[in-house]
Each structure stands twice: as structure tokens, then as C-alpha cells.
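Naming follows writing order (A, B and C), and every chain is counted from residue 1.
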Amino acid sequence: MNVKDISTHCTRTEFVGTTVLDTIGLVISGIDDTLLQKMNIGTKYHALGLFSSRTGAAGQLTAIDDAVKATNTEILSIELPRDTKGWGGHGNYIVLGGNDISDVRHAVQLALELTEKYAGELYISESGHLEFAYSASAGPALQKAFHAEPGEAFGFMAGSPAAIGLVMADTAMKASSVKITSYMTPDMGTAHSNEVILSLSGDASAVKEAVLNARQIGLELLIAMGSYPEIPGTPYL
Amino acid sequence: MNVKDISTHCTRTEFVGTTVLDTIGLVISGIDDTLLQKMNIGTKYHALGLFSSRTGAAGQLTAIDDAVKATNTEILSIELPRDTKGWGGHGNYIVLGGNDISDVRHAVQLALELTEKYAGELYISESGHLEFAYSASAGPALQKAFHAEPGEAFGFMAGSPAAIGLVMADTAMKASSVKITSYMTPDMGTAHSNEVILSLSGDASAVKEAVLNARQIGLELLIAMGSYPEIPGTPYL
Amino acid sequence: MNVKDISTHCTRTEFVGTTVLDTIGLVISGIDDTLLQKMNIGTKYHALGLFSSRTGAAGQLTAIDDAVKATNTEILSIELPRDTKGWGGHGNYIVLGGNDISDVRHAVQLALELTEKYAGELYISESGHLEFAYSASAGPALQKAFHAEPGEAFGFMAGSPAAIGLVMADTAMKASSVKITSYMTPDMGTAHSNEVILSLSGDASAVKEAVLNARQIGLELLIAMGSYPEIPGTPYL
């Protein structure tokens, strides 16, 4: 077998597409029954959508959230591995289900497209990274992953090294009146990542204000560590 | 102290050797009693063999498995740290015991040699990695690590980003009649690695068929992410 | 927003400074109450000091230990994320508290300065890393993190790949009469790092002898893996 004989243009029916941050979207039209029983996702759906990145979590989950709301699909599992290709954070691994494989494929396709937008708020320097996300109306993925209030605006911030994340969280809480939906640290809720993570629900303007204030101080502190971040996407906030 | 005064040719009695994937083999002829009690490996053996890599798990475990079967030694512990030098998977750390230090040294030496073969099925691209292993007859290491059926053929597959691993697992299950012995995901059984892992027991031809089908689709999907993998070893399947 | 508009010279009151190993020191003078309740550090202090690195644990904790002893501050939490920027070990994330923000700021400033010394015993090669630390008199940080005996000399060693760490631990125990205060492996007490870690309490000369013997064999084994380590700090033992 010579791997160079394999084309980068994949023709498998399972393949949907790829996007930034080493993200791949796949579908399985009729998952093997024995395997499904091991997966701990119930046995309701045999048409599965898979979404998986080496780097980033909240951006992709915000994309998935919109994709699930727009299609006849359901979130079955969300896992955040310790990854980021050597950096201090997470990747993601998400399984969707649907009765119709074309719905599932559409959801995965939509999530890939939206990831280009929602993963825009990622800042990676020589020393650490920051991640932000915002949704005007949280759906089932953000609820499952971060206990977001359904239908309310949702904000997310993660900072690494972890101390930067806590100052961002404190700044966000003082910036406006919002509700904490999840708080995570290396030993609390993360896969031992080097991050403090805060997510928020509330009114759109309050949540956005909190996230923007957190982003400003987070960037100032990260840059104080001696190098400017690369921005693999396009910031949207 | 000047580290450059230390030779790369190690003369310590503890040193056995090194091999691919930042693997080192060591022995301790009479482990300290107080330390042994902390190790949670029982107190039967004071002659210990140590085997440890930055990258890879199943290949080295298959090598250890053959080495233990060929010598008068026993597997005492298997741990899979979250490592792979910045990639999304595991390394390994294995402790063997024996009554005779020469048996233990022989086992470690054998495992180092066999790792060059069994760690051949590792594929690492810019985006992710795939690992495969196969043994015609599983022994105590593969049983302890992956619940392999002793004496039966054993197959292993891991894919990262994790979504690729699940499609490989589904493909393997549909390719032939085999039994799942372990199924792992970022939050289930791994050290939060960005992988889905499946291991199988069964007839030799069925297991090999399952692994080869998984390898083919795994490579197609990994390459679809945009770059060809490097192959640090020599594929043997 | 253009990140290049942000200066590397941070003027935020939260910023204290940075040092080697991607370490940042920060303070929060009046932590948000709602956030404080999520932090699991009690509610006694609203003036918090934060200390956080991508790489290293024991060196920074030894620095924090001295800083807390020298100031009117208290250790509130110590977390060791799985990090080291792609290598097999930990970073750190530490929260201090005090009644007076100037005490807390002084403690963080002191810890930053001492980290340059105490993080000197870090050796990072192409294959793995070693970390050592020594304190003549352990205080509350080393007690909280590694169960050090307060007031006694304290020694620490970590080796990666993990097998090297166990041989260092065995060598240390045979070198002198010391007491094990913590023993950690990938599955026992670490964030799934690829290390065996041992920490010791005892008489100053015995602890130092144990650590120096461990360092010698650790370096010989690491270098036997084929490359000389870089030493990001200045060794002090």
C-alpha cells in the first residue's frame, strides 16, 4: 500500500467536508448495531453525523448549535478531548443523530460552513490562547455542553494560561448583569486543559458586553506575555 | 554539572535500549521496598522491566505481549498517558516483573526489537493520526490493556480527530464477523485523547480483514484533511 | 479591533509580570462574588493572586512556597493542567488570597522572581524532560501540592517518558534515608502526564543527596535517548 495513491479528493459517502482548525465532518448512514450499543448515545438513530476538530470547542459548538436548530437532527454526544495540537486547550468530538441521512448530512455541512464564522474568535500566541463565542439564541448543543439557557443569548470565554481566563471571567462578571452557566478549570470540568472557562446566559447586549470586555483584557494580558497572537479565523464580535 | 559531559552511550545497568517513537527500555534489579509499596503492582517481584514511549500504545503493547509470552515474566501495570508529542493520542508506560533480572532484561530487549515491527502501523499527518495493530494470538498484555481474548487474533484501530476513528470502527464492524473487546472515546477510557479506539478479537482472517478495511477508509479520510501522513515505522499489515 | 494596537507593555492593574516558561502573575483586588462562589476556594478573601505557567510545576510551586511564607498571604488552590507546550508534563495554575491586595501583589511579584531560580532544574530534550526541585524548608504550597512535611527539607523529581522517572525514584530512595510524600504516575495523581513523579521530605543533606543522585541517572538515561536537553533556566542544585 502506498498512501500517495490515495487522493486528497475523498469520494467516500461518509465524507462531508473539512474546514479550519483541523475540523472534519462525516456521516454514517446506518451505524453498526453492536458498535451503537457501545456508544452510549441511545439506539434511536442509525443515521449519525460526526464533527471533530483538533483545536477549538465553543466556536464549533456554536456552529453545531445553529446547524441542529436549522435541521431535523438531534445532539447525541459532545466530548472535548485535551488537544489543540500542542497548545493548552481542547478539541471537540460531536455526534448528531437523525432519522434521515440527508438531514444529518445537511446539518454537518451547515456546521462546517458556520465553523468558519464562529471559530473566528480564536487567538493563539507563542505563550497561550484565548477563545470566545457568542450566540444570540442558545440551542441544544450549547445547552448540553455549557448549560446555556435555551433561547437566551450565550457567551463563552476561555483563557490559557489559566490565570488569564480567571481575570477575563472576573472582568466579564463586572461588565454587565449576566448569569454564569458553566465555570471550568484544569481540575474542574475540563480534560485537564490549561484554561479557565466561563460561559454566560442573559440579554443579548449584556452578554455581548461581558464577552467584549473579557476579550479586551484577555488580549492585553496575552500580549503582555511577549508575542502577538495569530488569528486562524475571522473575528466576528 | 555540564550535561554535555554525559555520553549518549549509557553504561548504567538499568539501561536496556531505545527504539522508535521515543521509546526507552529499562530494568531495576531490586526495586526499593518503600517505593514498591507505593506502586500498586503487588510485591511479588523485585526485578522490574520498564517500557515507555512518548508516542503510540497498541504497537508497543503488541510487542510487549509477544515479549512476555516468550519469557518468564509477567505484566504488572499498563498506563497510557496523554502524549504523542503534541499530537492527539497516547504514549505508554508499562511495568513488567520477573523473578530473575535476566528474564526481565530479555523481555524488555525483545519488546524493543518487536516495537520496530509492531509500531509500523502509525500514520501521522499535519491534521491527525491513525494507529493500527494486529496479533495472531493475543497474550496477557493485550488482555490487560484491551480485554483481548487470550489465544485469539487481536486487532486494534485508533483515529484522530476522533470522528475518523468512529467511521473506521463502523467500517471494521461491517467488514467481517468480529467481537468488540474495547471501545474508547475522549471521555470514555482514554486519557482525554482526541481519538475513537476500537479493539477486536476473533478469527485471524476476520480480524485482519476488519483492520485492513478500517485502515483504508481511515487513510482516505485523514488524507482528505489536506496532507499525506508520515509513517515513522514500516507498515506490516 | 486590531490586536497590534495593543501594547506588549500592559498597564492593567491586574497585571503583575511574566517570567520564564510562559509564566504570568496577576492579581484581582475585589473578585466578583458570584464568580468567587464557583471557584471552590472559600469566600474569606476577595484579594486574589494568580500564578500560571504553560510548563513546569515543582519549580514554580517552590517559588510560590517561599513567596507565601514571606508575605501575609495564603494558598487557596493549586491545579496542575496537562500541558508543557506539547511535551509530556504539566503546567500550573495557583490561586493565592490575602486581606490586602498589596500583600497579594507582593507575593505574586516575589514568586515571579523566585521562579527564575527554582525553575532552573528543568531539562527538555527531543525525547522527554526531567524536572527537579529542592527547598530547605517546605511551607504551605509544597504541603498542599505534594504533602511535604512543613519545616523539613523537600525534594522533587519528575521524569518523562515515565520509565525514566521510576528509575530516578528508585535511585533516590536507595541514595539516602528520606520519606516519600507523594508518588504519581500517568494514571495516579497526574493529569495523565507521561511522567513518574516522586517527592521527598527529610533532612536537608539526605534530601539533596537523593535528588542529586536522581538527577544524575535521569540525565544519563534521557541523553541515552539520543539528544542533549535544553535547560531553559539556570540549574541551582
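Following the convention adopted for this analysis, a residue touches a chain if its C-beta (ideal position, glycine included) is under 8 Å from a C-beta of that chain, and two chains touch if they have at least 3 such contacts.
Per UniProt, the chains are A, B, C = Microcompartment protein PduB.
Being a predicted model, the structure only gives us computed values, none of them experimental.
Rounded to a multiple of 5, the C-alpha superposition of chain B onto chain C involves a rotation of 120 degrees. Because chain A and chain C carry the same sequence, their contact can be compared by residue number, and under half of the numbers here are used by both. Rounded to whole angstrom, the centroid-to-centroid distance between chain A and chain C, based on C-alpha atoms, equals 30 Å.
Each of residues 82, 86, 191-192 in chain A touches at least two other chains. Interface residues of chain C facing chain B in the complex, by the touch rule stated above, are 82, 85-88, 123, 126-128, 160-164, 166-167, 169-170, 173-174, 180, 183, 185-188, 190-196, 198, 217, 219-221, 223-226, 228-229, 231, 235. Of all residues in chain B, those touching chain C in their complex are 1, 3-4, 6-10, 12, 14-15, 18, 22-26, 28, 31-32, 34-35, 38-40, 48, 50-54, 79-83, 85-86, 91, 93, 95, 191-192.
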